[in-house]
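I'd like to ask some things about the structure below.
Note that the chains take the letters A, B, C and D in the order they are written out, and that residue 1 is the start of every chain.
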Amino acid sequence: MHIEIKYFGMLAEVTGCSSEILELSVTPVSGLKEFLFKKHPGLQQKDFRIAQNQELVSEETMLTGQEIAILPPFAGG
Amino acid sequence: MHIEIKYFGMLAEVTGCSSEILELSVTPVSGLKEFLFKKHPGLQQKDFRIAQNQELVSEETMLTGQEIAILPPFAGG
Amino acid sequence: MKTTYKNVFKQGPISSEFIGASIAKHQSKTGIGAHNIFLGQVRADEIDGKAVAAIEYTAYEEMANKKFHDIRETTFEKFNLTCMHIYHSLGTVKTGEICLFVFVSSPRRKDVFKALEYVVEAIKKEAPVFGKEIFEDQSHQWKVNS
Amino acid sequence: MKTTYKNVFKQGPISSEFIGASIAKHQSKTGIGAHNIFLGQVRADEIDGKAVAAIEYTAYEEMANKKFHDIRETTFEKFNLTCMHIYHSLGTVKTGEICLFVFVSSPRRKDVFKALEYVVEAIKKEAPVFGKEIFEDQSHQWKVNS
């Protein structure tokens, strides 16, 4: 399935883009991470969390095809 | 000795004045209170504290001749 | 010998423009990361069917300014603050108007929260300020802090 | 179907005039007795001998506005508040300028202190907002909340 992946802050610097559409099989988030580490090796050294459909998810959560965001540490305020 | 007594808020209403100079002998605050209760019987029903030279004092504190203030409950803010 | 302390009192309500200007003045202090502001506003409390229209503030000013000074000193000792300002109204303040403005600033937020609550509670408890609640029919009662 | 949430973000710094005007608007709410305001100000931190000149804020806006909405709902459930406003900057905010404005109001003071700290901590922890600290020499590093 096609999934839009958004990158924010320092992670957009690492990947060189603020979003991309990836072709992925149905997989838990852990599978997505493996995929991203291959495509953007720089992510491996980075601290980040993943949101699906604007909610933080864990490694075990299955991808649903909804928007994914790769989020560096928060720095609001 | 001559002592200036100041009254604030509802206590100025009770005594009908905001300050007066009294002729008092050397006495602890408890003696001052007895004197004031006779002069202004309305004070007996009121909740108040006494400051001497701008510091709250207790019944046992001796009068020094410095300014005395009779203070109703605080309501700042 | 009498020490003179900074005068915390302002005649009448504290305006929103004054508060805005006070905030603007802190923009040159670039070590500050967090401000915390408390505003006391006169509430239209209803008591026995009558609504409060205004509070008329009086104070034992010399003692109050000394107390405000002591509260400042103690607060600076206890918390890591860059600066601190206190203003309290005297005279008539109508419902909806502001009668107390406390402003603390620090490099970091944790300090401002604790410091501001400390200051406001100390003012309510220790400052000899008196409030006459004036009702719409011009009758009154004396306010007591809870 | 997508729900749209109130937009908390403002382009650039939050001005002291805006804050003053926001305070003025509350003078018609005569049930309010206490306001508490938190302001986050950009600090000229020095890191390895270089001073921060500005922070450039970006956010995952849709998620952040949803989070701000959730934080509002939870705060109203937990504390007795009359009203609450949150504004956060996007884009460049220079040192000394204000990037976060949180405003809570209640009939009584006890509620505003607890509520304001709760809201600010929740924003820092839960809102996907990112800050690029720009140094005077135009180099940068990414800010992380502590």
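Basically, a contact is a pair of C-beta atoms (placed from the backbone, for glycine too) under 8 Å apart; a residue touches a chain by one contact, two chains touch by 3 or more.
If you're wondering where the values come from, they're calculated on a predicted model, not measured in any experiment.
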| request: Report the chain whose mean Cα position is at the greatest distance from that of chain C. | output: A
| said: Between chain A and chain B, what distance separates the C-alpha centroids? Give it in angstrom. | reply: 73
| remark: Taking each chain's mean CA coordinate, chain A and chain D are separated, in whole Å, by 26
| query | Whole-Å distance, chain A centre to chain C centre, using C-alpha means? | reply | 49
| said: Please tell me the distance, in whole Å, between the geometric centres of chain C and chain D computed from their C-alpha atoms. | reply: 24
| said: If a residue has to touch 2 or more other chains to count, which residues of chain C qualify? | reply: 40, 109, 120
| note | Where chain A touches two or more other chains simultaneously, the residues are 77
| query | Can you name every chain pair that touches? | reply | A-D, B-C, C-D
| remark: In the complex, the residues of chain D that touch chain C are 16-17, 19-21, 23-24, 26-44, 95-98, 105, 107, 109, 112-113, 116-117, 120
| request: Within their complex, state which residues of chain A touch chain D. | output: 6, 8-10, 51, 54-55, 69, 71-77
| task | Using the touch rule from the top, collect the residues of chain C that touch chain B in their complex. | result | 40, 57-60, 62-64, 66, 88, 99-100, 120, 123-132, 142-145
